[in-house]
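Chain nomenclature is as follows: A, B and C, assigned in order of appearance, with residue numbering initiated at 1 for each chain independently.
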Amino acid sequence: MKFSELYGRDLICTQDWKKNELDLVLDLAFKMKRERFSPKYTNLLNYKTFLMFFYNPSVRTRQSFEVAATELGGHAQFLEPKSMRLKTQKTAGETIEDAAQVMSRYGHGLGIRILEDKVGFYGEGDDLLRDYAKWSSIPVISMAHDKYHPCQGLADVMGWTEWLCKGTEPDWNALKGKKLLVTWGHGALARSWCSVQEAMLIGSQYGMDVTVASPEGFDLDPQVLKWTEENCNNKDTHFETTNHPTKGYEGAHVVYSRHWMSPQAYLEGEFLKQKEIEKALKYPDWICDSKKMALTDNAIFTHPMPIDRGHEVTDEVASGSRSCIYDVAENRLHVQKAIMALTMTGL
Amino acid sequence: MKFSELYGRDLICTQDWKKNELDLVLDLAFKMKRERFSPKYTNLLNYKTFLMFFYNPSVRTRQSFEVAATELGGHAQFLEPKSMRLKTQKTAGETIEDAAQVMSRYGHGLGIRILEDKVGFYGEGDDLLRDYAKWSSIPVISMAHDKYHPCQGLADVMGWTEWLCKGTEPDWNALKGKKLLVTWGHGALARSWCSVQEAMLIGSQYGMDVTVASPEGFDLDPQVLKWTEENCNNKDTHFETTNHPTKGYEGAHVVYSRHWMSPQAYLEGEFLKQKEIEKALKYPDWICDSKKMALTDNAIFTHPMPIDRGHEVTDEVASGSRSCIYDVAENRLHVQKAIMALTMTGL
Amino acid sequence: MKFSELYGRDLICTQDWKKNELDLVLDLAFKMKRERFSPKYTNLLNYKTFLMFFYNPSVRTRQSFEVAATELGGHAQFLEPKSMRLKTQKTAGETIEDAAQVMSRYGHGLGIRILEDKVGFYGEGDDLLRDYAKWSSIPVISMAHDKYHPCQGLADVMGWTEWLCKGTEPDWNALKGKKLLVTWGHGALARSWCSVQEAMLIGSQYGMDVTVASPEGFDLDPQVLKWTEENCNNKDTHFETTNHPTKGYEGAHVVYSRHWMSPQAYLEGEFLKQKEIEKALKYPDWICDSKKMALTDNAIFTHPMPIDRGHEVTDEVASGSRSCIYDVAENRLHVQKAIMALTMTGL
């Protein structure tokens, strides 16, 4: 398979891509990390524009995408569609059919971020991205939406692999047979399902055993659980869910502790952030600490950041010697450069 | 006439420029469209900044100007003067004299957008642009203001000419003797006069017969009507206005159907958007549809976008085979690249 | 001393740097001004990002930093941390420890602006910058904060020196023995101490006699007054404060008239802007006018802009032949290019 085969592809969820396609992204991302400002890469996007639509604000995603375009010689244009008169069920405005077709005349790629408080129900953000993708002739890339966060998922497996292959060339099959624990953390921020769901999907695609742990009442999307289980079956690995706060830690190689909201977050037709925070704070024993980490197989601690320290994880673990959080965050940059180069330029 | 003669010029309305000057813009825009990333053009604005002042938000204008600067090797800086402490009659702040002189030290061109809800009376936006132009030593370009929208007007005539010369080199005299219908459309968005007024002025300057159609009570600026009539007299073409919803379609070659607000929009000292929307919705027969288009001389349908589908025009016409809307939208990019190159660099 | 010795340095206040280090900035800024688009400078920041954090909005600072990065071949990324979920005493969020370490992976420099209405007490902004500097591995540059404004201070001494050395190569010792009057102006904007305090500190470091004049009740930071006096003692020059509105003008070579708020601005735990404006308007005789300027030794008038004309200074003086305001404003660009080049690239 060649880099050029990814030209023009949308990236809305890693589950839409095959593992050998994702490997191509990781291969290139790793090269771009090693030779960050090499002339091999700094002119790939020359004079070209990546349009970024932030329905929701962001810091890390904005920073890493804009830096990525700059390092490839191009420009990432920051746009907030609140100033875009899009048609809705209630108001007149432009259709996605029109908006996407015009943008395809100007830009060479389109990133979209849309999360909980900007959608009316879980899945509406995913629908919107797929509608843009339908009408755009340029690649549509998710910059995190209600269901998935493919760039985070790729940065995760890249970081975990680097840590497990420490000192040697990373092998994108190194995660095979390793155990990933995705565990809920209590906390004071009501958080999206996108990052943890993407981690489960791509982790299982890369051959990991996957355990998902949370208190009762915090189930994730049944479709995503089902796909994760299917991925595990295809790879002959183990998938399980538990409501026990420590059991999943046993034998884990990667621990991913993060808060996520309950399926009730939308029940009354609006995003009930405050209610979710109150509910979450009732489970103070759901925190990743040294005692729990001692149950693992010397696991690394991972998190997509920003971290809610003291709730999701203790300072001791987050700033400890097995924390890969900054490396994963850095990988967002390299992975996104690779995705842009592959989908927007054909290399 | 040479390209370099446009160096340093402001562009606030096409009526301020001669036809042979506008032809230079179209010539260059057409070349830039054909060879979009040619090294002939990609370094014209190297390391230089086009300052964009958005008193009003925008999507298409923002996108196309920022992409334009990027494709010329420069940078368009997005600025929202709400964060600029400008002096007003009521508040202390910086004078335009000071702001413009300082910006002339930093940037190489200044774009300004200011529409209805940011001005106290019709014409105040135009006064503001001309005040900036007076104190700036760099070119001031309108990115749409209450009276005019020169970049849209240039994109319009470029697109119409390309469609009429389909398959052959465009001839900027091809619109001579063709009939332009500018017709009001009902709708749920209270819209500025700037785009339609610019179309009337530049269409008549390019030798078109011009018919302006609207319900009673929706007259445009008398000065613009007068200039359009004078342009027609100078070119020996026909100018007329009508309050009939279909009569103007007869024999038309270009149909421009768009909503615009009434002169009463400002009557009580503020912009009465909701009132205008209510008033407009009383005229549902003012919509461009296939039946009306059948009365024309196989006319093309044009619109500056965003379109209010179902009000200004039917889906059938807007997405039909004679709709030039996406080509005109694309031309915003090429025309603006040409304007920047000519006024800011002298080429 | 060599340019490269400034690589990696933070710039939070000019008082943190030695005069020979500041001279290096001025040397390079002056060369960059003379040969603004020379290939010697236009590739220094190629493909690199300067992250700009605007807790407070800004026009001139934003413009000049973003133009500066563009002219060096790089990109300044505009970020508003209101969309950044930072941890505070009351809310969950990201720590500066985490934010700064991740940004150090993406960017090559970090500018921060934080003023009165975004801090809870005088000095909190300075604490925040120093906390970012502690955790960042990239240089942290103040883009104006509650205490200091080093880029403005450098632009000031560069402009004053150019005016005093008119027609000849500037000598960065030319201000030695010249008298700087920093005088309070009445006005309708409650303004920060940062610009005037930086001017006192750098003016005294460059060997000027410094007089600070204000009505009673408008004292500046005692620590800054003390440092200024120490700088004067070290240079054998004269430092004094006065509450007299004209006495300080006598013999002055540089007159800096600007409003600043009283130490009571924060008294009740919030920034009392309206109260400050009311208080300030009670002193209409505190305005820099021609009559007062006649008492000086043919002084130049300086101001960091935006000017509150009619309050801080008359139009006659601000637009007069001895006003250096636009040159100083332009110098912001050159000084900031030099600072970026020196601290971010090592040249």
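The definition used in the following text is that a contact is a pair of C-beta atoms (placed from the backbone, for glycine too) under 8 Å apart; a residue touches a chain by one contact, two chains touch by 3 or more.
Source: prediction; values computed, not measured.
Asks: Pick same or different for copies chain B and chain C, depending on whether their interface residues overlap by over half.
Replies: different
Asks: After a C-alpha superposition of chain A on chain C, what does the rotation angle come to, in degrees rounded to the nearest 5?
Replies: Angle of rotation between the two copies: 120 degrees.
Asks: Per the centroid of Cα atoms for each chain, what is the distance between chain B and chain C, given in Å?
Replies: 41
Asks: Two or more other chains in contact with one residue: find those residues in chain A.
Replies: In chain A, 75, 78 touch at least two other chains.
Asks: Contact residues on chain C for chain B in the complex?
Replies: Residue list for chain C touching chain B: 37, 42, 57-60, 62-64, 66-67, 70-71, 73, 75, 78, 187-189, 305-309, 311, 319, 325-326, 329-330, 333.
Asks: In the complex, go through chain C and note every residue touching chain A.
Replies: So the residues of chain C in touch with chain A come to 46-49, 51, 74-75, 77-79, 81-85, 87, 91-95, 97-99, 101-103, 105-107.
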